[in-house]
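So, here come the structures, one by one.
Two complexes are shown next, each including chain A; its partner changes from chain B in the first to chain C in the second.
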Partner chain A sequence: MTTAVAPTGAAPPATTGPSKTGAKRKGIRSPYPSWFYIPAAVLFIVFFAVPTFASFYFSLTRWTLFDVQFIGFDNFVQFFQEPQLVQGFINTFIYGFTTSAAKVILGLALALLLTGPILGRGYLRAVVFFPVLVSTVGIGLTFKALLDPFHGMVNGVLGFFHLPEPGWYTDPNLALLTVAGVDVWKGVGIATLIFMAGIVAIPHEYFEAARMDGAGAWSVFRNITLPLVRPATATVIILSLIGGLREFAMIWAMTKGGPGFTSDVIASVIYKQYQAGFFGLSTAGNVILFLVVTAVMVPVSWFLNRREAEL
Partner chain B sequence: MTVTETLTTADARSLRRRPREDRRPMTARRWARKYLVGIIAIIVSVVVFLVPFVFVFLQSAKTSQEAGLVQFSLPSEWQFWPNLIEVLQKNDYQVLWAFLWTTVITVFSCAIMVVFAAMVGYVLQRKRTRLNPYINFMVLAALIVPPAVVPTIWVLQGVGLFKTIPGMILIEATFGLAFCVLLFRAFVGTIPRELDEAAIIDGAGPMRLFFSVVLPLLKPVIVTVIVVQAVFVFSDFQNPLYFLPGNDYPTVQLGLYNFQSQTVSQFNLLFMYILLTTIPPLIMYIFFNRQIVAGMTSGAVKG
Partner chain C sequence: MKSSPTRRVLLAGAGIVALAMPLAACSGGGGSSDGKVEISYLTQSDDSNTNQAKALIAAFEKANPDITVKLETQPGGTEGDNLMKTKLSTDSMNDVFHYNSGSLLQALNPDQTLVDLSDEDWVDGLTDDFKAVVSTDNGLYGAPWGTSFAGAVLYNKKVYEQLGLTVPTTWDEFIANSEKIKSDGDGVAPILQSYGDTWTSQLFVLGDFANVSKVNPDWAEQYTANDPEAKYVNEPAFAGFAHGAEVFEKGLLNEDFASMTNAQAMGALATGAGAQYPMLSATISQVQQDYPDNVNDIGVFALPADDAADTAITMWQPNGIYIAKSTEGDKLAAAKKFVAFANSDEGCQVQNEGGSIAGPYVTSACTLPDDVPDLVDDIQAYFDADATGSALEFLSPIKGPNLENITVAVGSGITTAEDGAAQYDEDVKKQAQQLGLSGW
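After this line comes the complex of A and B, so read on.
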């Protein structure tokens, strides 16, 4: 190869010889053409950017299949006046933060367990992770049967031990948390996996040094593992918050926002209004979801990244 | 050769590197930690993570009356094959059609994602221009911002692709692009620039450089992207619900959801359907475990 390069390189000394940057600046022919962006950009603009910008306009309209009528901020006013819509707004935060917190705590605990010396490690890893890949609807419907208040297996076991048998997704106070719990069951595998990657990446010498100094298990965790898995923690928090605030499939498969509106979130409100033909109101819900996600994610990711830079 | 070898192992190396085994003597306490905790963990994992899947399997093998009781019990008579046949034949083989159309959507959207995102990730990593910050910003925005549903339907209607398979393919491809770009950009960074330069000196144009030199080197990350996105697209419920409604082109998850409302009294068939939908991810997981793990943990260490 190298012998072949020499003659061809020598033949046109004018173009390759003097300076490559000079050739680039004249824009002769970059080896990395900018038009490579175009196919992806077309898709992105047509199916993502245009609808997103259009949503700001359509959220200010009364919009049916046939006509569009500008009504200002009425949709947003309605969104924050009707109790069931406000409920959905609040539930979005509850759902997002509880699932995210549970995934961080359980994920970290499982990752510590599964990176240590333990029997059946490979099996445990596989079994914790597999639900991540299974369809949300399938899991939602399965747990609907398992958590059935009268015949379900979970209440059967609780009844056997004479424990209280809650109504799970049929209890207005518990419905949202039940769905969140199933979401955590499904999603904890990915958090575990990310934490495991973070823990394995910590140089082993740190642990050895700490043990030399006589640190116990808790202080190793508190002073070495926890600070050094910070990037993994940030990833888990960000991913699970984005997913949790936008969640739709799990809620729709299990409760459809019921009983009543007690487990509605913004994403399910958007679908309900769309189904009812209130496209303007539905799009306003979309804009609100957009604002909620941005308002939560920008400070959270700023905070997490800032602390990381200090380390 | 060495270059390609290091590249193929670069993606998942951090995970495969196991923590060094302790060489301290096995004391009673450490023995307890390994075996006792291990046995407890295995029992808990069976109850928490395996029982739901076993339940699905048992339900799918019951008669409809017995499945209606939703109890965790062995079927008194095994109806597995008759149930399977009945599900497949239901509504004019709708389940088979659903799997077919979902496969079509998955294959084509993944193909589009791979080629388009690889092109973006490659140029984005290699060329530093004033555009880069804006493109990086848009990639992040696309990851975070929830798609605007009804306006997207409005756009799809405008271009005549609403309720069509091509429309669904393009939507899935668009929503998956950002994640793929991130993976490709990170991976292109591990390919030495000298390789590009050697190809350019040998007379390769931009197209040849990318498609014949760089793209083959991206194979490990391409496999990761395909596997992860295939699982995502296959399990997607929300997008078909909005953009591919109706019975013309059934899809698996939407079909499962509708199946539930159509067959209230036939829990055995519903759970057979659920069982069928878990098989493709299971196959993917068995064969591509490493790539899935690599794709889903990318960025975990760097942040």
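After this line comes the complex of A and C, so read on.
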């Protein structure tokens, strides 16, 4: 999961009651002068806002770095016509939803384990979180070596126990899921962390009351932990889904979209178009990715946060 | 604390100036000092290219003590292609650089980005074929570095001897040989493929082009003009895709073809674990490095056509050394000297000593040394019989970027040959439109 800038609900400046006669209306005034935001605003506009709007324009052109030719929506049409590009589109959804689901389930399971009274809890927490800190490319390359179908350690161990040795990233049906698996291994630490914070925030009274009523572990989980950890669940789903839909580094490090095009996602398709010098087409791909992620995340986020507000 | 309006304006102004300062510092530095001219040379980051470049620079600096050359490297392949275009279009390219010739050079827009070298002395010694691949209608832009090399089938001569096989001249003979190796070869892989390095999967298609040219000498021109007959879904070009699918379906590939790398495949070929490997002859340098005793166990024969009369060996022109247009004044003069040096006697010596000699030179300035690998003689035989042809990328500016992925899919049985050929024909359309070619 990438550390996205999660939109936190900013407190709107509360306006106090009706203004006094003639005097300027007083809102809550920040102790800092308002021009303190200029440096951040400049950086934001120059590095985020301007390129985003520029990319909307360039996605409608055929663009070598030397000249620009306006062609309207041809790039978008092409993106949806080419079989490789359509496959990348489908793969993106598979990848995003699989990694997100796995991170939620495994994250919650690990969080329950690591908030309980077990031996070596601090050490295990560090071990679970450590992959998050390591470079994605480094992990990708390491697992590529470990999962090598003929010389890798994983298949070596499987062979020793006379188990089938699949071609992890060379089998066209398996490659995408293998990369998704490694991605989950890397990202589950953050999900665990967020869930742990959510579980620890549940007041003890609920658990004590449930124990006194004679509830078993599963009952406690279903009726107390799960509902009360819902804000954390929402956060994990949103962050991991955004990250999963946009993932590039892991796929590029492990398979580069191969074999053939079977593990391509939109991000790697965009990068390949960019590598080939089709800058207009790759910008169109980026606009599509932006729209897809927005179209998926806005309803999901609204749905999850609405349920949370009802609580 | 109340701040007066003037003070606030002054502070805001100072803040904006402080932000703008780093931008001003961005403009490129460098320049000559103490009478010495310093130029920078860019080459690819793999071992053989870097070592050759270092040797060339050392020899050049010895002969020209008033010029220093700084070496810079970047990845090759498709990753490097894009870097080249970006650097050239933003005028931040190194003074001199090493890159492919042919269609990849055309994609850099040489008329606008490179210095015309057609008046240089060494131009007369070049073969016409090479001049064609470093020129546009408006000028000639590069000097050759390295020999030309063949894209054909490298084979292990010992395996062939043991099984009593002869070099095939038709495709059916090639398959028959491969089947014999599979049945009697005692575990030797008949045909090696190495999709761990995806670019190696293209050889069945690209190495077949000389055969296509024999059947239809105008094919490349028709292809560039978007003639509906000259497409990969039609014969004679379709054969490349069909062959790639056929060898997979008949089970003639090595077991680990999907993950093997180019270096591993060359090792397998050199030691006899694999018998035949469609590959560029330039990769013999890998064997010279890893298995120097087995270098002469490797021979080469052209990818056979269906009809023996059409079988010809496909030749790649060597890479070139080019000068960016942003190089001026003293640096330009020094850069021109550097380029000329590469094709002088001393430059040729550097090429002979360190380079991978995998075919004939394209300039009369250089001659092959006596101790070349045997496969160079095999290639020369095709020249003597006038059975050669240039690879397509030197006869047409169009090369679709996804060919290596499509050929991996065809060669792994994921896509059929017909679908793969159709996909590639679509792929080149993008490239042709991007280049602004008429008729697309």
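Quick note on the criterion: the second predicted complex is superposed on the first by the 280 of 311 C-alpha atoms of A that agree within 3 Å, B and C clash if a C-alpha of one lies under 4 Å from a C-alpha of the other, contacts with A are read in each partner's own complex, and residues count from 1 in each chain.
Heads up, the rule we're going with is that contacts are C-beta pairs under 8 Å (C-beta built on N, C-alpha and C of every residue); 3 or more make two chains touch, one makes a residue touch a chain.
None of these values were measured; they are calculated from a predicted model.
S.K.: A:I118 contacts which: chain B (first), chain C (second), both, neither?
M.R.: In the superposition, A:I118 contacts chain B only.
S.K.: Which of the two partners, first being chain B and second being chain C, lies in contact with A:D148: first, second, both, or neither?
M.R.: Touch status of A:D148: both partners.
S.K.: A:Y274 contacts which: chain B (first), chain C (second), both, neither?
M.R.: Both chain B and chain C are touched by A:Y274.
S.K.: Is A:V200 in contact with chain B, with chain C, with both, or with neither (first, second, both, neither)?
M.R.: So A:V200 only meets chain B here.
S.K.: Using the superposition on chain A described above, determine whether A:K256 touches chain B (first), chain C (second), both, or neither.
M.R.: It touches chain C, and chain B stays clear.
S.K.: Just to be sure I read the superposition right, which of the two partners does A:I237 touch: chain B = first, chain C = second, or both, or neither?
M.R.: Neither partner.
S.K.: Applying the document's definition of touch, where does A:T283 land relative to chain B and chain C: first, second, both, or neither?
M.R.: It touches chain B, and chain C stays clear.
S.K.: Tell me which partner touches more residues of chain A in the superposed arrangement, chain B or chain C.
M.R.: Tallying touched residues of chain A, the top partner is B.
S.K.: Please work out whether A:P39 is in contact with chain B alone, chain C alone, both, or neither, and reply first, second, both or neither.
M.R.: both
S.K.: In the overlaid three-chain picture, which partner chain does A:L133 touch, first (chain B) or second (chain C), both, or neither?
M.R.: Touch partner of A:L133: chain B, not chain C.
S.K.: Of the residues on chain A, which ones does chain B touch that chain C also touches?
M.R.: 33, 39, 148, 274
S.K.: For a test of understanding, state which residues of chain A touch chain C in their complex under the given definition.
M.R.: Chain A residues touching chain C: 33, 35, 38-39, 42, 62, 64-66, 69, 78, 82-84, 148-150, 167, 169-170, 172, 256-262, 272, 274-278, 281.
S.K.: Can you name the residues of chain A that touch chain B in the complex?
M.R.: It is residues 1, 4-5, 8-9, 16, 29-34, 36-37, 39-40, 43-44, 46-52, 54-55, 58, 63, 113, 115-121, 123-124, 126-139, 141-143, 145-146, 148, 151-153, 156, 185, 190, 193-201, 204, 230-232, 234-235, 242, 246, 248-249, 252-253, 267, 270-271, 274, 279, 282-283, 286-287, 289-290, 293-294, 297, 305, 308 of chain A that touch chain B.
S.K.: Which of the residues in chain B end up touching chain A in this complex?
M.R.: Touching chain A from chain B are residues 14-15, 17-22, 30, 33-35, 37-39, 41-42, 45, 48-52, 55-56, 59, 69-72, 112, 115-117, 119-120, 122-124, 126-127, 129, 131, 135, 138, 142-152, 154-156, 159, 170-171, 173-175, 177, 181, 196, 198, 200-203, 205-206, 209-210, 231, 234-235, 237-238, 241-242, 252-253, 256-257, 260, 267, 270-271, 274, 277-278, 281-282, 284-285, 289, 292-293, 296-297, 299-303.
S.K.: Flag every residue of chain C that touches chain A in the complex, lowest number first.
M.R.: Its residues touching chain A are 3, 8, 12, 15-16, 19, 78-79, 81-82, 85-86, 89-90, 107, 109, 112, 195, 198, 255-256, 258-259, 401-402, 405-406, 408-409, 412, 414-415, 423, 426, 430-431, 433-434, 436.
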